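In the two complexes below, chain A is the common chain; its partner is chain B in one and chain C in the other.
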Partner chain A sequence: MHVDVEALSDSAVVAAALRQLRPLGRARAVGRDEVMVRAGEPVTEVFLVQSGRFIGFAPLDSGVEVPVDEVMHGCLLGLPGLFTDGLHPFTVRAVAAGEVAAIDGGLLRERAEKDAELALLLVALLSVRLRECIGAAGEMKLRTVRQRTAAYLLRLAPRGRSGPVEVRLPMPKKLLAAHLGMTQQSFSRVLRTLRAAGVTVRGRLATIADPPGLSALATAEDAE
Partner chain B sequence: MKSARLGPLLDVLLDQAPVQDVPAGAMLFSQGDPADRFFLVVSGKVRLYVAEPSGGETLLHVFSDGEFFGLPAMVGLKRYPVNGEALTMCRLVVASRAAVLARLAAEPGRVTAMLGALSARYLGMARDLAELKVLSPTQRICCYLLRAADRAGASLAEGEVRFRLDVQHNLIAASVGLAPENLSRAFRRLTTLGIHVHRSEVLLEDVRRLRDHIASAGD
Partner chain C sequence: MRWPCPSPGACRPEGEQSLAALLGRLPLFRGLSAEAIGAIAALSAIIEVPRHTLLFGEGAPATALHVVLSGQIKVFSLTSDGRESIVEVFSPPSFFGVAAVLGDGRFPVHAEALYDATVIRVPREAMLDALSSQPLAALRTVGALARCRIALAAQIHQLETLSPLQRVAEFILALPGADAGTVTVRLPFNKETLAGRLGIRRESLSRVLARLKPLGVAVKGYDVSILDVAALRRAVRPGCGRVCAAAT
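This part shows the complex of A and B:
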C-alpha cells in the first residue's frame, strides 16, 4: 500500500483552509488568463483558491518575470505579502478558469492576531508553500531537465497507477518550459527524448505508457 | 522538514514546551489517536508507518535530529492518520495543541512576527528558485555576492567593495546550485568581471559590472 505522508499532511491543511477561511470571503469567478494581482501592488485582498490553476511570476531585478509558484485549491494567494511589506511579491495569472474567495487582507490580519486557531492554520499553509518551494529548488539543483519534466508529468497523473495514463498539460508549452526552468526548444527536445520512456505528447495531451518506469527515470540518482 | 528552515516559527511554537526522553520502541501515537501534539526530534530517530489490513506495515518516513512532525495533523485533522514510534532512544520536544494555542493567544504580537518570518523565508526561497530557473551559474554567484556584501554592511552604491564572506565555500556552492569544484572554477572565471575571491576575502572592483552581468539574464 502506498501512502504519501506529505500529500496526506498537505490535504489535511488544505481541507482545514477551505473549511475555516471560505466563510470569511466573497466568491468570485476568475477567467482563464486573468491577471489576479501584479507584483508590487498593495495587498488589499487575499484569495482563497477554490478551483482553477494559477501561476505566480516572481520579478527579477532585470525585469524578467519567472514562474515560481503553481497554485491550486486550498492555497491562499497574497498571504506572504500580507505579513511582510504589504505588497504582492508575485504577479499571479490564472492558467485555468476557476473560483476564489476574496478575503479582506486587513480583516485576515486582525483575525489572525485574535484567533490562535486561525494563526496556526496560516502557519501550516505557509509551511506547505515553503516545503513545495524548497522541493522545487532542490529539483532545479539536483535533477536534469529530463528528470524534472518526467516528475512534473507524473504529478499530473493519478497516484499509484501502474498502467498507461493520459494527462493534459495544464498550461501552454512555452509557459510550462519556463516553469520547469528551460527554454521552449529544450522542452521540445526533452519531450522527444522521453518517447523512449513511453511518453508521447500530442498538443496538450500526454500519454504515459509506463508510469513506474517514468518514475524510476525521474528519481534515478545518476543525473545525466 | 528541517527545523533550521523554520527557526523563528519553532522558537514561538516550541517555547517552554517540555523535553521528553523516550526509549526505543515507544509508541508516540497510534492511528486514530487525537492529533493533539506535535514533536521536534532533538536526537534519535522516529518512524511513521501505517498498519495494513493484511497485518503488515508500510514505512512512510523516518525523522531524525532537527526535524519536526505532527504539525499538519494537529492543524488540519482531528486524529493522527498514521502511527509514530521511536526507532531509537529519542529526546523529543513535545508541544501540545492546547499549549501552542494558549501561547499564541497570550502574545498576539508574536503571531504576526512569526507569520512575517515564515513569509520572508518563503519569499527568499522563491527568489532563489527564480534565479535557478533563469540565471547562469556566474549570474547566480554575482547575486549571492551582492547579498553577502549587503549582509556584511558594505555600501553597494557603486565602485569598489571589499567584504568578508560569512559562510564557507561549500555552503555557497550548495546555495547557488553548483558542485564545490565548479564554484572554484567559476570564481576564477569571474576575475574577468573584476571579482576576486580569496578564501573569505572578497573584492568587487566595480559593483555596477556585477549588476550589468546579472541584468543580462533573458537577453
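This part shows the complex of A and C:
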C-alpha cells in the first residue's frame, strides 16, 4: 500500500506506522511497571506501542533513574538505538498496562534497507517525535514549573473544551514531578498554587475548572 | 569555503557539477548513485547567509532542508517578550529541517546565522524524491534524526537534573581538548548563545562563571582555562551516566 508521507499529518503518520509496522511483529500484552528495554543493552527488538503509556528514563551512575520522555500510541520503542550505535539510550518502563507489537530489530532494518517507503515512514515517525522533543526542551528552558505543570495537565485533557474537565494523572506524582523537572515537594506546592486557577487534584484525578484560563496561564510570559 | 554569491541570495558558483560533488561528500548522501545526487543537485542551491540574518522564521512554510557548509546556524524558539531558547547550533556538515519538511509543512522554530554561513538549500520535493526512492538516504536520515532525538532527550535530562553551574561545567568539559590536566579550550559561540543553549538567562551565566572561578575555571572572551580537568569533573559531575554525553 502506498503511503504519501508528504500529505500526512502527524496523527496520520502514526496511523500509517501502526498499519504498516504491526504486521511485522507479534502482539503482546504489557503489564504496568514492566521494563521494556534497558539503557546500554543491545537493541534486539523494537516495540510498536498500540496502547498503554511508557516512560523513558536516563539512568544516573548512582542508579537513580530520571524520566526524560513519555511514549504513547504509535511510537516505536527502541528505534533511536537501532539506527545509531545499536544500544538502547534509555530504559523504558510501562506506567500503564497496554499492548505492543514486538518487531525483530534485524528484520525491521533489513526491510527498511530494501523498502524505501518503509524507510521514509520511519523518517516521518522520528520527525514527529523530534518535533515533540524540541517542544519539550523549549518548555523546560522557557517556562516556569507552574507553567509546565499547567501545560502538562492541559495536554491530558480533550482539546477545545471550555467547561470543567477531569483528567487522570498517568503516573505517580513523584514520577510526574521528576518528569516536569522538580521535586515532589515543589510539585505539591505548584499544585496548591494552581488551585487559584481552578485546578484541584485528588489522588490521581485532576479537575480543571477553566481550561481556557489555565491555557492562558500556561503560555503567559514570566507568570512568576 | 566561501562562495561569491549576493547574500542572502542563492547561486550555483561552479554549476550543478560542483554542487553534486559537494552533496555527494556529505554524510547524508554518501553512497547514493550519481544519478540520484545529480537529481538533488539540479533542484538545490547554495545560499550565503550573513551573520544575524534570519534563514527562516517559526511558522514559515518548510520548503527545504538546509545543510551547513560553513559558519554556524542557530535554531531557536522565542517567547513573545523576546526570550530565546536555543534548540541547537549547527556547524558543518550537519543538516536541519527534515523534521519540518516531513511534518505539517511549517518550521516549528527560527533559524539564524550566528556567524556568516554558507548552506545548501535542498528543496522539499528533491528531498522527498530522494528519500522515497533511495532507502540508503532514508536510513541515513533515520540515523541522523535518532541522534538528534537522543541529544534532545539528554538536554531535557540535564535541564531536569543539573543546576545551571553543573550545566555550564558539563558543557565546558565536553569541549574538544578538555581531556586532562591544565588546558585552555574555546567556546564554540558567544556567551549569549551559550546561555540560550543551556536554558540560563544571560545575567545568570555571568554569575555561574564567577562561581566556577574557585573551581579553577577562568573565561576570557571565547577562551576557557581549566586548571585541573579531573578536579572540575569530580567537583561538578553528579554521575549522570552515558546519556549526559549526548547532550553536548
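We take it that the second predicted complex is superposed on the first by the 210 of 224 C-alpha atoms of A that agree within 3 Å, B and C clash if a C-alpha of one lies under 4 Å from a C-alpha of the other, contacts with A are read in each partner's own complex, and residues count from 1 in each chain.
The rule we apply is simple: contacts are C-beta pairs under 8 Å (C-beta built on N, C-alpha and C of every residue); 3 or more make two chains touch, one makes a residue touch a chain.
Everything numeric in this text was worked out from a predicted model, so none of it was measured.
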Subject >> Overlay on chain A: chain C relative to chain B, clash or fit >> reply: clash
**OP:** Go through the superposed model and pick first if A:129 touches only chain B, second if only chain C, both, or neither.
**Re:** both
Original post:
Now for A:15: first (chain B), second (chain C), both, or neither, which partner does it touch?
Top reply: first
**OP:** Return first, second, both or neither, reflecting whether A:216 touches chain B, chain C, both chains, or no partner chain.
**Re:** neither
**OP:** Scan A:40 for contacts with chain B and chain C and give back first, second, both or neither.
**Re:** second
Original post:
Which holds for A:107: it touches chain B only (first), chain C only (second), both, or neither?
Top reply: neither
Original post:
chain B has the stretches 24-32, 78-86 or 168-176; which one runs into chain C?
Top reply: 168-176
**OP:** Go through chain A and flag every residue that touches chain B in one model and chain C in the other.
**Re:** 5, 9-10, 56, 58, 60-62, 66-69, 79-84, 89-90, 112-114, 116-117, 119-120, 122-124, 126-131, 133-134, 136-137, 140-141, 178, 181
**OP:** Would you pull the chain B residues touching chain A in the complex into a rising list?
**Re:** 1, 5-6, 9, 13, 48, 50, 52, 58, 60-61, 71-77, 81-82, 100-102, 104-105, 108-109, 111-112, 114-116, 118-123, 125-135, 174, 177, 211, 214-218
Original post:
Which of the residues in chain A come into contact with chain B in the complex?
Top reply: 1-3, 5, 8-16, 56, 58, 60-64, 66-69, 79-84, 89-90, 109, 112-114, 116-117, 119-124, 126-131, 133-134, 136-137, 140-141, 178, 181
**OP:** Under the touch definition given earlier, write down the residues of chain C that touch chain A in their complex.
**Re:** 77, 79-81, 83, 85, 87, 98-104, 108-109, 124, 128, 131-136, 138-139, 141-143, 145-150, 152-157, 159-161, 196, 199, 238-243, 246
Original post:
Okay, in this complex, where on chain A does chain C touch?
Top reply: 5-6, 9-10, 39-40, 56, 58-62, 66-69, 79-84, 89-90, 112-117, 119-120, 122-124, 126-131, 133-138, 140-142, 178-179, 181, 221-222
